[in-house]
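What follows is a group of structures, each given as structure tokens.
One chain, chain A, links the two complexes that follow: it is found with chain B in the first and with chain C in the second.
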Partner chain A sequence: MPRRSSLPVTFVVPTLVILLTLSMVPTLYAIIIALQNRELSSTTYSWVWFSNFVDLFSDRRFLNAVWVSVKWEIVTVVATMVVAVGLGVLMFEVAGPRLRNLYCLLFIIPVLLPRVSAAFVWKFAYHPLYGIATYPYRLLTGGLIFDPLSKPSTALFAVASVDVWQWGLFFGVIVLKLLETLPPQPIEAARLDHAKRWQIHAYVTLPMLKAPLVSLMFVKMIESLRSFDLIYVMTRGGPGVATETLDMYAFSQGFIESGKVSYASAMAVLMMIATVITFTMLWKRVQA
Partner chain B sequence: MKPVRLAASLGAAFVLSATVSTIALAQAPVCSAPVKVLAQPRDGLTLLEDSKAEFEKLSGAGFKIDYLNENDRRAKSRADASTVGNYNVYYVDEANVALFASSKWIVPLTDYYPADYDYADFDPGRQKVATYDGKVWFAPLTGGGDLMVYRKDVLEAAGIQPPKTLDELIADVPKLTNADKGMYGIALRGARGSGANVWRWMPFFKAYGGKWFDGDKPAFNSDAAVKATETYLKLFKDSAPGTQTGSWDESTGAFLSGQVAILVESTPLSGMAVDPKTSQVVGKIGFLPPPSPLPGGGYGHGLAIAAKANADDASKKCAGLFIAWATSKENEKRRLDAHQFGELNRTSILSSKEFADIYGADLGQALAETGKVTAVNFWQDPRWPDLGDRWGIILEELIAGTRTDVKGSLNELEAYANELVKK
Partner chain C sequence: MRAGRLIGRIVLAFAGFMAVFPLAWTALNALKNNVDIITRVPRLVFTPTLANINYIIGRDSVLTGLYNSVVACGSAVLIGVVLGLPAAYAVARYPNRWAGDIQFFVLSLRFLPPVAVAIPLMVIWLQIGLYDTLPALIVTYCLLTISVIMWLAIPAFQAVPKEIEEAAFVDGYGAYSVFWRIALPVAARSLAGAVAFSFVLVWNEFLIALMLSSSNAKTLPIVASELSQQGMNVPWGILNASVVLLSLPPLLFLGVLSGFLNSVFRQKKT
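Let's look at the complex of A and B:
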């Protein structure tokens, strides 16, 4: 019987221990805090068990934040994927190799910008009087004012457009590169069958790219959950609570308004549980 | 050796060693490590950084200032003070000094503020704001009350006299709005926060007779609060674009760029309005106290000694020396020479001939008059930031139109206040 090597264990165990420590210690600490009533301004605390969780469900701002987070997730993920696929296919169809390289370079630039910088740039671009993004509206309407970040009906979409500007263009480049890696035979066969261009992509190329596109979608879903910096700089969750996502509200409760770190931790724990369940279900559904 | 000579030699040695030790102590640097400061951007602090070498010579160490905008500075200093305590000096303000002091995140300033630097020279109003529970907690970097700054040319063209009462202001503002020509009657603050939209709303609340408490019970949903809120919302219809989710920067920016006819704002605006580097309306403006009975919103920001990062007395003395030096007469004179109006806090500077030469007699008179109506409008309590920020969110919702029930909103605030009071 061959002797089993201890080499894999030697390499894997220390790494696993580090990873588990890094991920589990803060997670466990967050769960423990969520069961207490800690506040920043007080050194005393006691165990309140599930009281914070119960309170959350009667908190209208929390329920609003859940709804805003769901809307944010759907809007940014769907719009990013639509822009990415549309742009990738368009570049694949109309641009030659040199032009494609130029487009790729240009479309990667937005995602290289730090989020906070992008947020400041666009916040100014959306200014109702001086903004370049609102200028066409002022020009067409003879000077009427459009303030997208101040209107509850448009603020979320205005912030989401910045997210899509960064990630949609970058994903467009990835889609183009994926299309370029496909074998040419199925595409040629479809052309010989007189398939139109959109039919080739709808029925041949994109189905062939289903697995990587799904992976891209999951990456974007995770990335969209971390849009705190963008929203914080552009609207701080406003106007009112129109763009207040769960992470914004948790931060606000923990560090801006009342210093209720336990209440904020309860939100973070709920977010973690909801995210794990949702992603597991979606992953299984996609793989089925 | 004879006993007398031995005693004399020992005595001489003792005196010599004591003298040497005293000299060594006197020359020992006060600071052993650079002072870490958490602040919000201020022209005065930026100017201070040019004189870093002077502080190094004075204390034996330098300083490093990290800047965050107002809301972020408040959030970060609160988190830092209650947990790790990385900073030796915090920038605090009227809204959070009670919280920081009662939580023991800062220590009484005057215990470590060298007497030579003359704390009593600061403007009395600012000293009052820096005092909580009978102790002084910070040295002012800025402060004051409110002034009404108005466009003489715009009011003259409309045939309107500068409003002296709140009723006149409410009547005049819509008449002065001419959106087609990019002119708006007023600019208010819409962004959430006890120091943002609530700060501008409070003078209306006080003007209508509002009180935070009726005896021991919170009275936030009074008729005065309803009327103040309705008036604020009504005036917001003529507030410049961008102010609905903006604060000081947006409202003053709109005025200084020539889009606003009347602005009631904190006193630093007046200095900015007469400075050609920051204002496009120089020579077109007048100053008056806020229309009666609006009280000015007394405020003050300054530097305080952190408790956690300065565990021993030596560190506290070092932080105290930094604060004293940063707010000294010499540094304030530098700010005056650099025309930094909003950074002036000492009576010796504000009443100096140089000040009058730079800013003129009109502004000096308006400042003196507004001082008479300046008041502390907020609830001076550690729970104020919590309550004020809660009202800030609700008020922002009312301004944005996602809420319309003023009375219901104030009832909600009162319920929250009752919870806070019970704690």
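Let's look at the complex of A and C:
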């Protein structure tokens, strides 16, 4: 590579300046709005400093939303990784090259769908009377009604299942590709020692893949933050507040119910601080 | 052992079935009359109708949504390519002490909760008078496309054998023509995957579009979600048809993206 070229500067600087502007302006503005008392309905506002944040911590709906968001993260991340590792190992064990290619293609389809589409597809499927997913239940129980989306105890899991449908299958493909990159010798050695198939994976292959699997989980944690589309279409945060995550609550405070933009922004700022700190720390650990 | 393999095959086949069946069922429902959808026992045999699809593609709101989606996503991806690819190449080939920080910064843009970006942008666009316009949406989406294209294109450029580029320098090519004539064509396949991925990402984007549009700049996902808010009075067939229309463009990229996945992992192997 030539040492003295203007290329790095002309290629990187404009892009970085634009990215910095596009990200820092909204971020700083979000903080400014959070310190004011803007509402959608009026054009006047004043500085209220931290009172929005103080109010948040005595708002029980906010605390509920924090808890729902945490539950959502844990459920979707864990279930996705379990499904992905299970399917990846299964494909590695029982499918030949041609079947593997077919499954890989099929398993990528759900994740390509717009979240709105996926949400609709499953909202229809979960319909208590006419849904295709609730049909086996109606058939087996002789017509009893099961409505997973409107029961507080099942709604979150029903929505999470759509997320896992999209990401778990897709990550299964990646786990398979990772398994295929492993050198065959350690697996052969374990086989010669009469290790069972599941033992080979539990003690040899998966530990060898620890680093990429952790990165994969990291990616899923970031993507799980984007739950809004699914929840908005499928339950709107309901029944009650059973599936009301932080972004759903911020949206309804800011735009549906009261138009309290500043209050919503305060919530968004807290989310931003929490995610940036958590993920920066996690990223440094993953890289180390 | 035999039984175990059989069970494994069955589980796998079931998973494959689950991957496509819900979508296929939606597509079937798009071809049904309402009486064939609202049945307690799902109907596989029915007289197909094109009424739902005709209704959907004949509606102005859907066509406007389609137009907005194509223009907004197309422009944002184009700007992402123009700004993202060169920057990614420079980071990949001329690493300096900030290269790691730049990569982390680009990734960290993905940590930002979309609400946290959308609320202030809405206020900003309202003040400038660009709220509910396509330019506002395009500028906002550029943040997404530039960062994603950069993030995926850096490893793609790094995978281009250095020797080819060095040979070109020896032949008297300048730094810019090496980028144009060597690096871009050699990495083209992986780059196409990265670009396709960024397109799918903005095409599927919902929250930002929802908050930045009220009537003129609605994208297709917003229009589709609004159809359902008219309660269950809307014939289900029409809703299903709109879901199918919305899902088709990303699925067109299925081949490109699965090829991209394969090439990423083949690189790791060697």
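Going forward, the second predicted complex is superposed on the first by the 267 of 288 C-alpha atoms of A that agree within 3 Å, B and C clash if a C-alpha of one lies under 4 Å from a C-alpha of the other, contacts with A are read in each partner's own complex, and residues count from 1 in each chain.
By definition in this document, a residue touches a chain if its C-beta (ideal position, glycine included) is under 8 Å from a C-beta of that chain, and two chains touch if they have at least 3 such contacts.
Since this is a predicted model, take the numbers as computed values, not measurements.
Asker: Could you figure out whether chain B or chain C reaches more residues of chain A?
Answerer: C
Asker: Is A:143 touching the first partner chain B, the second partner chain C, both, or neither of them?
Answerer: After superposition on chain A, A:143 lies in contact with both partners, chain B and chain C.
Asker: Give one of first, second, both or neither to describe whether A:84 is in contact with chain B, with chain C, with both, or with none.
Answerer: In the superposition, A:84 touches no partner, neither chain B nor chain C.
Asker: Applying the document's definition of touch, where does A:255 land relative to chain B and chain C: first, second, both, or neither?
Answerer: So A:255 meets both chain B and chain C here.
Asker: For A:200, decide between first (touching chain B), second (touching chain C), both and neither.
Answerer: A:200 contacts neither chain B nor chain C.
Asker: Contact-wise, after the overlay, does A:66 reach chain B, chain C, both or neither (first, second, both, neither)?
Answerer: Neither partner.
Asker: With both complexes superposed on chain A, which partner does A:158 reach: first (chain B), second (chain C), both or neither?
Answerer: neither
Asker: Is A:14 in contact with chain B, with chain C, with both, or with neither (first, second, both, neither)?
Answerer: second
Asker: With the two structures laid over each other on chain A, which partner does A:129 touch: chain B (first), chain C (second), both, or neither?
Answerer: Both: A:129 reaches chain B and chain C.
Asker: For chain A, what residues appear in both contact lists, the one with chain B and the one with chain C?
Answerer: 129, 143, 251, 255.
Asker: Under the touch definition given earlier, write down the residues of chain C that touch chain A in their complex.
Answerer: The contact residues of chain C facing chain A are 1, 4-5, 8-9, 11-12, 15-16, 18-20, 22-23, 25-26, 29, 37-42, 83-84, 86-87, 89-91, 93-94, 96, 102, 104-117, 119-124, 139-140, 142-143, 146-147, 150, 165-166, 169, 174-176, 179, 200, 203-204, 206-207, 210-211, 221, 224-225, 228, 236, 239-240, 243, 246-247, 250-251, 253-254, 257-258, 261-262, 265, 268-269.
Asker: Which residues, counting only chain A, touch chain C once they are in their complex?
Answerer: Residue list for chain A touching chain C: 1-2, 5-8, 10-12, 14-16, 18-19, 22-23, 25-27, 29-30, 32-33, 38, 87, 90-91, 93-95, 102-110, 112-117, 120-125, 129-130, 132-133, 135, 138, 143, 165, 169, 172-174, 177-178, 180-181, 197, 222, 225-226, 228-229, 232-233, 246-247, 250-251, 254-255, 261, 264-265, 267-269, 271-272, 275-276, 279-280, 283.
Asker: Quick one: which bits of chain A touch chain B in the complex? Just the residue numbers, please.
Answerer: Residues of chain A touching chain B: 40-42, 61, 127-129, 143, 145, 147, 149-152, 235-242, 251, 255-259.
Asker: Name, in rising order, each residue of chain B that touches chain A in their complex.
Answerer: Where chain B meets chain A, its residues are 71, 74-76, 78-79, 82-83, 99, 102-103, 179-180, 182, 190-192, 241-242, 244-245, 259, 382, 385-386, 389-390, 393, 396-397, 399-403.
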